[in-house]
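Provided herewith is a single structure, encoded as C-alpha cells, for subsequent inquiry.
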C-alpha cells in the first residue's frame, strides 16, 4: 500500500481530494460556528448579569446614603 | 364587576398576557363584560390599550390567557365574528371607492342581504351629501362618520372602538354618543379607548373603567 | 381485550407527555445535554469508518476508476439536503398546528445546515461529473434540482430574517416551508422531465449498476454518519437559540453562572 | 344569505382595478417591453429569435405577474381593509380566491391574450402560437395563485418586493419549464399532451391548496 499511488487516486486526485476536502471544510465550519456562537451568547449573558449586579450595588449604595443622611 | 355566575358572562377575559417583542405589556388581566355595559380602557401611551382591543377582536393571538364569548373561545369562532365589529385607527375604507360603495361592501361583508338601508345610514350620520365622493376626498371627521355608519345597521352586539371620539367635531361627538347609548340600551356592549374621561358623558350610567396600570405593577422583576 | 388498549393508551400517554415535555425549552435543554455528545460520537465513529472503507478498502470502479469515490460524499449530502428539508417542514407543521416554540427553533436551525449540505451536493456533484462531461457545469437533472433547492432554502431563511418580530418571523418561515414541501417534488419532476428532453439519461445513475457490497457499505455508513452530524449540529444550534431567547429567565442565568464556575466548555 | 363571498370580493376587486386603469395596464406594458428587449439585444433577422421566442414570452409573463403581485394586498393592508376581512365571519380562503381570480383576470389573462400578437413579431409559426396561448391560459392562474401566497407573506414588510421575488420565483420554475417546454416540443413536432396535463395538474393543485395558504399567510403576518 504505497501512499503516493493512493494520493494519485488513479489520476483523479484533484477532483476526489477537493470534493472530500470541501466536505471537511463545510462540516468543520458548521461545527465551529455553532461552538463560537455558544461561547459568545454565554459571554453576553454573563456580562449582563454583572451589569445588573453592578446596578443593584449602586442602587443599594444610594438609598443607604439617603437612608442615613 | 360581580358577575351573575349562573349564565356565563358574555365576554370573559381571564389572565390574559400580551407582549410586544419581548416586552410584556400587561399580565394576568381578567375581566368580564355583560350585556348593556361599556368598558373604557385607560392607560398611558404604549401601555397596550390597542393590543388589548386587537386581541379581543381576535387579530392578535396571545399564548397566555383565554378570551371567551359566551363560554366559547373566540379563536376562529364564526358566531363571535358575526356579533363583533372592530373599528381601529385605519377604518378600512378604500380611497378609490365612493362612500356608498364602501358602505355597501361592508354591509355585504356583515351579511345583510339588501343594501337599501345605506342611504338612510349616511343621512343619519350627516354625510349624505358626500355619498358619491370617493373616500380620499373626505375629511378625517367625515371618514370617521362613514366608518361609524356601518355600525348603525349592524346586528353586532359587541362594538370594539379604538379612540372613537378623537378628531371629530362636537356635533359628530354627540351623534356617536347617542348611537352608543342606543346600542347599550338595546343590551349591546362596547369596548373602547379614549384619552379623556367619559364620566360626564351620557355613557356614564353603564360605564366601567379598566386601568391597564393595575396589571403592569407585577412586571419589573420578570 | 382491555389489557391491549391499556397497553396502547399507556404508550400514547408516554408519547404525549414526552412530546409536550420536549415542547418546553428547558426540558429540551436537559434532554439535549445527553443527546448531543451521543450524536457527536456516532458521527465520528460512523463517518470515520465509512471514510476509511470508502477511500482505502473499496476497489476502483471498472468504468470511472477512482473518481467515483466522490460518491461517498456527494450522495450523503444530496440525501441530507432533502432529508433536512423534510425535517424542517414537519417541524414547521408541528409548530403551526400545536404552536410549539421548540418546533420553530428546530426548523429555523435546520435551514442553514440544509443549505450547506445542498451547496455541498452541488459542488461535489459537479466535481464528480467534471472528468466525465469535460465541463464544470452540466444541466444534469439532479444538479439543477439541487440548485433550485438551494434557492428555496435561501428564500426560507430570507423570510425568517425579514421580519423583526420573532413570532411572526417563525410562523411566516414555517408556512413557506410547508408550501415548499408541496412544490419541491414538482420542481424535481419537472427538472427531471426537462433534462431528459435535452440529452439522454446521463451515463451514471445514482447507484449505477447494482453496487457491490464493498461500495454500498461505506456509502450507507457515510450517509448515516452525516445524518448524525446534522443531528449534532442541530442540537448545538438549537441550544444556542434557546439560550439566546430565554436569556432573561432564571434557569439560563443559573446555568451560565454554574458553567462559568466549573469552566467546562459545555 | 347575502352575495356569496367569492363574487363579493371579485366584484370589489374589479371595481378597484377599473377605477385606476393605469395600474391595470402596467403589467401588460412591462410584459411587452421585456419581450421586445430580446429581439433588440439579439442579432436581427435570423431564426434564433423564433426558436427562443416561446421561452422569452414565458419569462416575460412570469416577471410581469411578479410585478402585478406586489400591489395585490399592499393597499388593503395600509387602509385597514385586510384586518376587517380577517375578523369577518366570511370564509377567508374563498374571499382570497375571488380576489386572486379578479386580479388574474386583469393581469394574467391580459398577458395570455396579448402574447399571440408578440409572437407575430417573433415570427413564430401559428401552431406554436396556439400551444403557447394554451400554456399561458393554463399557467398564469397558477402563477397568480402561488404568487399570492408570497404577496400575503411579505405584505407587512415595507421593502417586500425583493423578498417576494426571492421566495416565489423558485416556486414558479415547474410552470415555466412545462409552459416553455410545450413550445419547444411543438417545434420539434412532438406531442405536447404531457405538458398540458402537467400544467393542468399544477393548476388544480394551486386552485385547491393555495387559498388556504394565502389565508394562513395573512393570519400569520397580520397581528
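Lettered A, B, C and D in written order, each chain numbered from 1.
Criterion: contacts are C-beta pairs under 8 Å (C-beta built on N, C-alpha and C of every residue); 3 or more make two chains touch, one makes a residue touch a chain.
All figures in this text were calculated on a predicted structure; none of them were measured in a lab.
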Distance-maximising chain from chain D - centres being C-alpha averages: A
Winner on C-beta contact pairs when B-D is weighed against B-C: B-D
Averaged-CA centre spacing for the pair chain D and chain B, given as whole angstrom: 38
Whole-Å gap between the CA centroids of chain B and chain C: 48
Centre distance in Å when chain A and chain D are each reduced to the mean of their C-alpha atoms: 46
Centre distance in Å when chain C and chain D are each reduced to the mean of their C-alpha atoms: 33
Of all residues in chain C, the ones touching two or more other chains: none
Overlap residues in chain B, where contacts from two or more other chains coincide: none
Sites on chain D at which at least two other chains make contact: 223
Touching chain combinations (by label order): A-C, B-C, B-D, C-D
Complex contacts: residues of chain C adjacent to chain A: 51, 55-56, 60, 65-67, 69-70, 73-74, 77, 112-113, 116-117, 119-120, 123-124, 127-128, 130-131, 229, 232-233, 236-237, 239-240, 243-244, 247, 252-253, 256-257, 259-260, 265-266
Chain C-touching residues of chain B, taken from the complex the two chains share: 21-22, 63, 222
Contact set on chain C toward chain D in their complex: 96, 148, 151-152, 154-156, 158-159, 162-163, 167-168, 171-172, 175-176, 178-180, 182-183, 186-187, 189-191, 193-194, 197
Residues of chain B touching chain D in the complex: 54, 57-61, 78-79, 81-82, 84, 86, 88-97, 101, 105-106, 108-113
Contact set on chain C toward chain B in their complex: 99, 164-166, 248
